[in-house]
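Each structure below is given as structure tokens.
Each of the next two complexes has chain A plus one other chain: chain B in the first, chain C in the second.
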Partner chain A sequence: MSGYAEISKNFRPEHGGSLRRRRKITNVFMLGLAGLMSLLAVGILVWIVGYVVYRGGSSINLDFLTQTPRPVGIAGGGVLHAIEGTLILAFLAGLFAILPGVAAAFYVAYNPNTPLGIVVRFGTDVLSGVPSIVIGIFVYVLVVKSSGHYSALAGGMALAILMLPIIIRTTEEMIKLVPGTLREGSLALGAPEWKTALKVTLPAAMNGIITGFLLGIARAAGETAPLLFTALGNDRFEVGKMVTSSLQNGQNIFQALVNIIQQPVDSLPLTLFKYSQQPDIERINQSWGVALVLIVIVLVTNIGARLWVQRRSSQLKG
Partner chain B sequence: MNLVSAQNSNVFKAGKPGQAVTLAPVRQAEQSEAANAARQAKMKIADLSVFYGKFRALAGISLDIPENRITAIIGPSGCGKSTLLRSFNRMNDLVPNFRLEGQVALDGEDIYDPAVDVTDIRRRVGMVFQRPNPFPMSIFENVAFGPRLYGIGRHSDLAQIVEHSLGQAALWDEVKDKLKESGMALSGGQQQRLCIARALAVQPDVILMDEPASSLDPVSTLKIEDLMQSLKGSFTIVIVTHNMQQAARVSDFTAFLMVNPERAGTLVEFGATPQIFTNPHHKQTEEYVTGRFG
Partner chain C sequence: MWQALMIAMGALVLALILAIGFLLWQQSQTAQSQLGLSFFLPASSTSWDPVSGLFQAWPFIYGTLITSLVAIVVALPLSLGVAIFLAELCPSWLRSPLGLLVELLAAIPSVVYGLWGIFVFLPSVVAPLGEFLGSTLGQAPLLSALLGGVMSPSGSSRLAAGLILAIMITPTIASVTRDVLLAIPRSQREAAFALGATQWETIWKILLPYGLSGILGAVILGLGRALGETMAVTMVIGNSIDNTASLLRPGYTMSSIIANEFAEAVNQLHSEALIEVALVLFVMTLLLNGAARWMVYRAARRTPTGGR
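What follows is the complex of A and B.
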């Protein structure tokens, strides 16, 4: 019998029953394994969120969200100071990081092979690997030591440095996804490169840039270590009261806001860390509540961003 | 520059905007056209060579683009058709290591002269690309994008330009009720006509089309070809196409490009389209247009 005909038998359906059976079993096994691992990954998320809700849910009430802390041992009180602080820190960090981040991303995306482009890209990778506490110490030396006090400003700067690599990386990827023909179309109308970047490429990449920005915000909002050296913590921080007292002292609203960002502030992760260390059952229970508030804020930011981006892109595509 | 008033005067000259004026291809007196062309050259290309680094992409191309006519550039893949087209509005400047020898003149002015503003060249020489590339903004904003670059900011002025340009591009009737919708929501053929309207909105003299119908269905292709006929009264059109039937259908003049033994694109033959397709002077042209290779 010729060799080729002998080999060809393998392709016929009636041939190799045991082989087929083995393949089927392997297939089911591998599929099951992949499914199991996916469940594990999702399961951990569900476990964390579920446990935080279970432990922290009982602490959540209106007072918890609208009042500042009471002294240890006195029941009640809330974490308004930390919620406000987190929002202020995230706002400042976003404010500081967005412009340099997006501008650097444009530079890297358009000039990937120039010396500066290579340095920026490499630097971004290194920066994203720098432990966040080191960034905290850096800003401590740079801002806190020279200004003489801890402040929201310093905390915002530390978080901005943390966000920077995330923003640069995601924005760069999004810019690269914008078809080159769009850029050419604009340049062919006589538009200068900067206007093309600003009016055509940026809007086309906007959805992705916003997603990256909010991921950066979410990441920054959950950071503790860099804030230990910069924002420090301040359990009497209350925006409403500070604004009122500034205004009573004859300052305008702008001066009041400048005062606020020069104060040490608290944040949810900092409060969570401090409360969980205290030998007081009320504080420990409240620390679970803080964890829940933090998770909710991050989730709402994320989901809200995704919904908004979805709506926006469906409007663009019509 | 008074773009608006020029635009306004055109509105009335060109008839009702929104109506595609479909002219039958003019075919009479073609041989004498070639003589006319020499006199009314809109662009003069003299001994043009293009280099990408050490690679010579085009070698010694000389060619006159006649005014208010459609000139087709044909040739096999990789012969430098697009490179040639893109050297007419300096889009090749974007390619790293690009270098050019020879001359490309628009109305007698060397467009590669260091004193020339590339922005101005690209306004006067518009471009339509192979794939429709509407910007991710509304139909109105797509067309208004160019005029805005040149300082036209009043909404009423822009609205006039948008209506006129969309009318010239035979798209107005289809989109006049949805100018605020995204340009990307249109069909492929409509998108391409939107891109043509966008190019027309800055009142160019020359329109370069780089295989403008190659990603479109036959009906949309036909619309684009009709549109080209109606536009050539006001504009000089240069089209790159790999579709010889299309070149034969739409163009008045045809340039046939081929690579030489050093793999650089050279001009084999240039002439009135009927002559190129029925009575080519070169053997290579004949072989190509009769489909024996390419």
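What follows is the complex of A and C.
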């Protein structure tokens, strides 16, 4: 009540015009300040993105995207190893996270008020707050230490744990947007619950789920901390060469892929971090190039996802 | 079968959290018993010497706490301003694109913040600011501990880490606060306007107190993010073991010492000590996030039944 009581005190007869003028000035000043803060936040975004585009643009060319690194001090070369590594890590992370994420989201969406539903949703939120470096240590202890070597597999697992809450949250939102009558209709026709989920609810929510999945991938692709002790980094990583040498040794393609994910691997953010620490101008310039690639990935997925979800949810509601 | 799968995968999320806590605890047992409680406790002079087996984590805990504190102090007015503008002031056609822009700030990878920090933000903003603060307030009675010493010319410092963190957590606090403000029933605003309140008075005296627990939750959520943030901080904080409390000096946070030393831990005790640091960090963020989520839930679930 106190707020209202305070406001109504302004109108006692003993206050003259000066109070009114002061209140008006405060109003304009503080509202202006709020607008200024928003301008500042957007200004910082423009500053960062603009500078990355300016510096990164000059170091990106075809070689940068299609060649592996040259030794420090020799001009040229690119970050193909990191692009390949990022794709492999993102693929593995998606592979590990998608099934548990979607299943858990179905559970939370359909059982919001059961004890397990409440606890799982709470757990999802808590998991999304666990520092990524802690997840890195966890996977190090769980996988790297027991298997004895750093690997893309371990990195993929760390990123999967990071993606899991994002997938659960967005999928849950999308499932809730699908009208309940659709599900009930399917159940009334005698379809079992799993078939309803798979053939009715999931297709209706599919676009949203893919969006959440892409956002999760984008987030994972930008993460560095959980990879420091899992994927480690490997600037000699070259998928093409590794596959050819495996095939020459008489292995089939499947064995070749299994070999690859057991190698340590670099990723774009990991490369950016390492290059930025080196006292070599060529490497610093390349790290700006990597930053630009990362920013483009992030902007495209986030803006695309936002537009997509908006269109989709207005379709479903409308 | 489907039901069982859903339950199993829901339980997996919980199992993960428990497993993280358990493994970190189990893998740092030697460190826990050998280093004891003095590992965490504040001390005026501490040491971290992997070769001779001396480990005291207080400077890192301090680094994490002080950089997060700076981040909150700077981010709070910034994000309240953004949230108020988004929820109350801006025309509705601007709300969605502006909200997207602010959220993009949260989507920029941490290493990109770090790179921009090292080469742009530190030399152009942090170094001059630090020098200015040091020369004006460095001798002041209460602030001399925080702002004493000489700013390093590169700008790498606890202050730099705190300011970068402030930028990074602003979108988190702002977007949750915006949602809290938008959830407040119209009748609250109309009642205030009917009493003759200006728009600012309505926001400051009615809306913010009404949404207080949700906003507090948003702040704690931002704090949780600041505590655990690793890469940007590692890149700008200067990474040096420093026993002073000064914001102008380079330091370490809990996450940055792990990022710097874990892969090259010299012996068993060293890596266990770092895992113990991770355990402390995990417990801190767990408690904070638990509290924050609970507050946001409560604020969102409160039914608008007149009264306050």
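Heads up, the rule we're going with is that the second predicted complex is superposed on the first by the 250 of 318 C-alpha atoms of A that agree within 3 Å, B and C clash if a C-alpha of one lies under 4 Å from a C-alpha of the other, contacts with A are read in each partner's own complex, and residues count from 1 in each chain.
The working rule: contacts are C-beta pairs under 8 Å (C-beta built on N, C-alpha and C of every residue); 3 or more make two chains touch, one makes a residue touch a chain.
Please read these numbers as outputs of a predicted model, since none were measured by experiment.
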First (chain B), second (chain C), both or neither touched by A:A191: first
- prompt: Once the shared chain is lined up, is A:K199 touching chain B (first), chain C (second), both, or neither of them?
  reply: first
- prompt: After superposition on the shared chain, which partner residues are touched by A:V52: those of chain B (first), chain C (second), both, or neither?
  reply: second
Message: Touch test for A:G73: chain B only (first), chain C only (second), both, or neither?
response: neither
Message: After the superposition on A, what does A:G17 contact: first (chain B), second (chain C), both or neither?
response: neither
- request: Please indicate which partner A:E223 is in contact with in the superposed arrangement: first for chain B, second for chain C, both, or neither.
  value: second
- prompt: When the two structures are overlaid on chain A, which partner does A:P179 contact: first (chain B), second (chain C), both, or neither?
  reply: first
Query: Which residues would you name on chain A as touching chain B in one complex and chain C in the other?
result: 192
Message: With touch defined as at the start, can you tell me which chain B residues reach chain A in the complex?
response: 89, 91, 94, 118-123, 126-127, 129-131, 133, 135-137, 145-146, 149-150, 181-182, 184-185, 195, 198-199, 202
Field: chain A contact footprint on chain C (complex, rising order)
entry: 1-3, 5-14, 16-17, 19-20, 23-24, 27, 77-82, 84-86, 89-90, 96, 98, 100-105, 107-116, 118-120, 167, 170-171, 174, 191-192, 195-201, 204-206, 209, 221, 224-225, 227-231, 235, 255, 258-259, 262-263, 274-275, 278, 281-282, 285-286, 288-290, 292-293, 307-308
- line: In the complex, the residues of chain A that touch chain B are 179, 181-182, 184-192, 195, 199-200, 203-204, 315-318
Touching residues (chain side chain A, partner chain C) in the complex: 1-4, 6-8, 10-11, 23-24, 26-27, 30-31, 33-38, 40-42, 44-45, 47-49, 51-52, 99-101, 103-104, 106-108, 110, 116-117, 119-120, 122-127, 129-135, 137-138, 140-142, 161, 164-165, 168, 192-194, 197, 218-219, 222-225, 228-229, 232, 269, 272-273, 276, 284, 287-288, 291, 294-295, 298-299, 302-303, 306, 310
